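Lettered A, B and C in written order, each chain numbered from 1.
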Amino acid sequence: MIDLLGYGAFFLSTALIFGLIALGLNLQWGLTGLFNVGIAGFVAVGAYTSAVLTSPDAADRVGGFDWPILAGWLAASLVAGAVAAFTGYATLRLKSDYLAITTFGVAVVVQLVALNAQGLTGGPFGVAFIPRPFASVQSDPVLFNFANLGVVVAVTLAVYLALERLSRSPWGRVLRALREDERAAIALGKSAQSYRVQAFAVGGGIMGLAGAVQAHFIGFIAPDNYLPTLTFEVWAMLMVGGSGSNRGAVLGAVVVWAIWVGSGALTAAVVPGDLQARAASLQIVAIGVMLCLILLWRPQGFFGARK
Amino acid sequence: MQFLLDGLIAGASVGLGAIGVTLTYSVLRFSNFAHGDFMAWGAYAALVVVGFIGGSTPLGPFSFGLPLILALMVAMGLTSGMALALDWALFARLRARGQAIIVVMASFGASMALRSLLEFIFTSRPTYFSRSIQMAMPVGFGVKITADQVAMLVLTLCLVVGVHLMMTRTQRGREMRAYAQNPALARVVGIDVDRVVRSTWVIGASLACASGVMVGVLVQIRPLMGLSLLLPIFAAAILGGIGSVPGAVLAGVIIGLSEAAAVQFIGAEWRAAVAFVILMGVLLIRPTGLFGVTER
Amino acid sequence: MILEVKDLVAGYEPGLPIVKGASMQAGAGEIVVILGPNGAGKSSFIKAIAGLVPVTSGQVLLDGQDITATPAHQMIRRGLAFVPQTENIFPLMTVQENLAVCGGILDRHEVAGRIDEMFATFPDLARQRALMAGSLSGGQRQMLAVARALLVRPRVLMLDEPSAGLSPKLVGQVFEGLQAIRERGLTIVLVEQNARAALAIGDRAYVLVEGREAHEGPARTLWDNPLIAELYLGSKGHAVSA
């Protein structure tokens, strides 16, 4: 029972971190209509920034800055936001497809840097000993998991409330207008582009923050955490939840993560060991098909507020 | 100097892929993220067909025999069929709703599903058309080339010239260009839009298949082969100028050569970043690309 | 009647018709002019006939055959050609290619001959056959669009404001050209803002007001109709000067 509670807290923390990423994506896509296929890249930038700034000295890479965790998170949001701002600046005056292609490229390059810039990122081995909040209670798993959950809930709630406020502010109304009415966007010209860059940057910053929170939650990161599958999962979460709705983004994350973990556990139990890698790819096929079906039949998702 | 030849060959497969992307973009108005997976599916389709036909002796100095040539043609048909089916089931329905970026997203979801389906069927282990080692012939300046490489360069040249002539000299090609320029007017002058859409998919998928088989013959076949070529392909389509077939091929070769140069002078591990650097350069300096006329 | 339109209702969004039950007829070799104030739905009317605006009810008959639900690209095969007001050529193709592009409708070996005939009819275009159509002047573009429509020997030619954006001299040339085309027995349906010039060559005219035809009559007497005088009060002076 106690174990189950601890696992529940762990599961919910992981799911809510995805929810945080989905909130960032919802600002970019749901509110502003900007297509980001490189989510994994922005999450990785945040995770690595905070990890490098807060982790203790390591022999073979830069480090030992020993920043406090919160400072690391702040830096993670800022750096990921800056990368997003540059991406947006370079492409948002062009057709929307170019942004998609460029974000895809950003994810490829971030993955490459994570793998190969060993002096900065630790290469394929990643960064270890990332300080975890509440490390002092680590010996009590249940307490530790719930303390972590508390932190994740607090961050998610803060971002959620801030985004709700933002989307009702004049700034949010402009973004919505730009998405709805291409002519208004053209009439606004340069300033329309700057609004979009801002939205894209803030969304990227939230993704970076989520990456940092996750890094400190697990205590260890490696390039493999940030493969295109991550991008894909977050998209599935937002589409299931209902793009345009912050509540839908968080709920969608929890539901899709539950399906993902549940089907994973099921295949692990049912499928013989040598076929498990195959079963895992079938899991991705299923999510891909689901994403397409939602686009075809229920583009508004399942948990979004009615419009 | 060897790296120039390596770059040319890599660029040829990028260029073949980029033709498909540039045509889909200019005619159907969306960037198809599943295009790389058409390559992988094409390569595996050819592999399966070769398996059906059974073993045979290689032709002359090549590593492959008649079965592969036959399999390539069948696989081009199969890949085209898959692209048409995907269009019917997914893209056409979303296109009819008029939101281009939703189609892009659908192609992204389809890409993930197609790729993982290959991993499911064939596992992620790489496989080969032939495991024989080929002798490389010296051709001067310290450059060596294998018979397979020559064959694939010739194949690329034939396909590119063929598609270019089709686009510029035939009724179907004119209709495709007209539709890309102005879909509404194309309808008015009596162009059958469905036929144009079908032609676009068949050409794009066939070339993707050829490109995948090429990579399969010269390097290896694996489910992720399309994904790793997707960024170079997109970069080539944009660098060449959206809609331009010769531009796509030339840009493909430029990217292949740049990648080979990066491998030679910077390090093989940074190869995948080259396409991104070129892409950013084009978008910042000349978003219409080398041969692009209008920015859409 | 070659072309017969009965109570056509059409619009882009369901429940919001722009054409609200308009009718018209055109006989063989007739030039029919459709007039009306801005926003009367003239352009949507002609586009709905051509299959470019969704039709919710009503009927379009070509030579007695119902062509109402025909897709736009089939219209020209049925014998109904349409020349849009703007963007009516493919700017990145040569003049010759602009003509050849609808060659798919004709027999394969017939295309080259028809293109030559068009060049004989429009010598101005023949001189520029290898140029990109985008480099043509406004009048030449209009000429090219008409030539392309005629290439496939339609029975009815519909034009949406062929005089728009042209200088007075060119307007005269375009309308003379249309008259010459009519001499060959073609039926022409013309939507025009430039009422005076259009009525001068037209046989009959319809006046469209708020999506319905409000008046029909011989073109030459229409100008004296008080309704027209009222509708064109503001633009009459302009029409004269044009």
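A few comments on the model shown:
Quick note on the criterion: a residue touches a chain if its C-beta (ideal position, glycine included) is under 8 Å from a C-beta of that chain, and two chains touch if they have at least 3 such contacts.
Everything numeric here is computed off the predicted structure, so don't read it as measured data.
Note on connectivity: the fewest chain-to-chain touch steps from subunit B to subunit C number 1. Core chain by CA centroid proximity to the global CA centroid: B. Taking the mean of C-alpha positions as each chain's centre, the chain lying farthest from the centre of subunit C is A.
For this pair, subunit B with subunit C, the centres built from the Cα atoms lie 43 Å apart.
Between the CA-based centres of subunit A and subunit C the separation comes to 55 Å, rounded to the whole angstrom.
The geometric centre of subunit A is 31 Å away from that of subunit B, both derived from CA atoms. By the touch criterion stated above, subunit C contacts subunit B in their complex at residues 50, 52, 71-77, 82, 84, 87-93, 97, 100-105, 148-149, 152. Subunit B meets subunit C in the complex at residues 171, 174-175, 177-178, 181-182, 184-193, 293.
Residues of subunit A touching subunit B in their complex: 33, 35, 37, 90-91, 94-98, 100-102, 104-106, 108-109, 112, 115-116, 228-229, 232, 235, 277-278, 281-285, 287-289, 291-292, 295-296, 299. On subunit B, the positions that touch subunit A within their shared complex are 25, 30-31, 33, 90, 93-94, 100-102, 104-106, 108-114, 116-117, 119-120, 123-124, 227, 230-231, 234-235, 238, 267, 269-270, 272-273, 275-276, 279-280, 283-284, 287, 295-296.
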